[in-house]
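Chain lettering (A, B and C) follows the sequence in which the chains are written, and residue indices restart at 1 in each chain.
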Amino acid sequence: MALHTTTLELSTQGDSDIIDITHRVQEELLNSPLSDGLVTVFVPGSTGGVITLEFEPGLVHDLQEAFERWAPRDHDYRHDRAWRDGNGHAHVRASLIGPSLSIPFKERKLILGTWQQIAFVDFDNRPRRRVLILQIMGE
Amino acid sequence: MALHTTTLELSTQGDSDIIDITHRVQEELLNSPLSDGLVTVFVPGSTGGVITLEFEPGLVHDLQEAFERWAPRDHDYRHDRAWRDGNGHAHVRASLIGPSLSIPFKERKLILGTWQQIAFVDFDNRPRRRVLILQIMGE
Amino acid sequence: MALHTTTLELSTQGDSDIIDITHRVQEELLNSPLSDGLVTVFVPGSTGGVITLEFEPGLVHDLQEAFERWAPRDHDYRHDRAWRDGNGHAHVRASLIGPSLSIPFKERKLILGTWQQIAFVDFDNRPRRRVLILQIMGE
């Protein structure tokens, strides 16, 4: 058993931008010495999350609409009253979705459904540069 | 430290069917050579999720009702306009709940609360055969 | 690679009390022999959850308000009809948020964003004594 940690940098548009990172996670697996195990994608930050979804434009839209129902942008958040950065909804959505996701891999390949992709969601209200942590454990 | 990967097959009714898989995960633990560690239950697919709950009929009903509030079946999903399979709500619910859950175990026994069970939720709109991944890591 | 399991005891007020446990998780890391890996915080119970958030009073309030929108306390839960303990909303919220969170660490330090803390949420409707599981894996 061994541990391999790496990072994944990306630029986002913010505003619940959903970015398919499947191929980049898969690429990092191939760069690691491990063949079987678990990769954990972690967002070090309080306005981003990791999900899986069938990555197609219809569902990307449907999910963004659901985020708006679950934590509306124009709600009166106390966070915004105090900090005036207007991203209270981003924080609430990020805590709901969660910053961490673990996916198994076998023979150097992620085990995912045929129509299942891994995505980073940037809930913040402005474009961001993000650095995600990939922690790969296995043998 | 070692890794043990196995699968768990099940038949579901779909329509947010909630299936208690605790005893089957526990059984796979006993079939593995490991005594202490972490078991990750993973759904390879974009219309299923893993949760824990007190598995009793009242709560199963309450959760199914909550899924309907969080992502109503009859909402106009763009996914459905494009693909005509009528399961847009299933995809949105699955991304919300998440496909992955990690539970610790000790002396070959899952560490769970007295009234806490592990369940697979099939959000799809029809009965399905499902294969879940169990990845067991530990010593 | 090695495994280190420990527990974390805390007293809560219940009613969606959100308790910052970052420093206590970090402390347990320093007590472990491991320097790099993954720590999993697990709630053995069906009315608690683990999240990350920017832990400041405004957001703590905003999240508690969101929990109330997602699963209102005064909704008619079947769980409450059967068990008369009045905590149906707590169970539904806990299944939504989830009992498990994995965070990477490096050189004996949690990898978190500058304004990102780890918190336990006690959704139950009364003060509780809680014992969380910390499972630390790495090298």
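Miscellaneous remarks
FYI, contacts are C-beta pairs under 8 Å (C-beta built on N, C-alpha and C of every residue); 3 or more make two chains touch, one makes a residue touch a chain.
Here the structure is a predicted model, which is why all the values come from computation and not from measurement.
Under the contact definition stated at the top, the chains bordering both chain B and chain C are A.
Interface of chain A with chain C: the two copies contact each other largely through different residue positions, with under half of all numbers used appearing on both sides. We define each chain's centre as the mean of its Cα atoms; on that basis chain A and chain C are separated by 20 Å. In chain C, the positions touching at least two other chains are 1, 70, 96, 98, 102, 137. Residue ranges on chain C touching chain A, taken from their complex, read 1, 36-38, 51-54, 56-59, 61-63, 66, 70, 96-98, 101-104, 106, 111-113, 115-116, 137-139. Chain B meets chain A in the complex at residues 1-3, 5, 40, 42-46, 70-71, 77-83, 88, 91-92, 94-96, 98-100, 102, 133, 135, 137.
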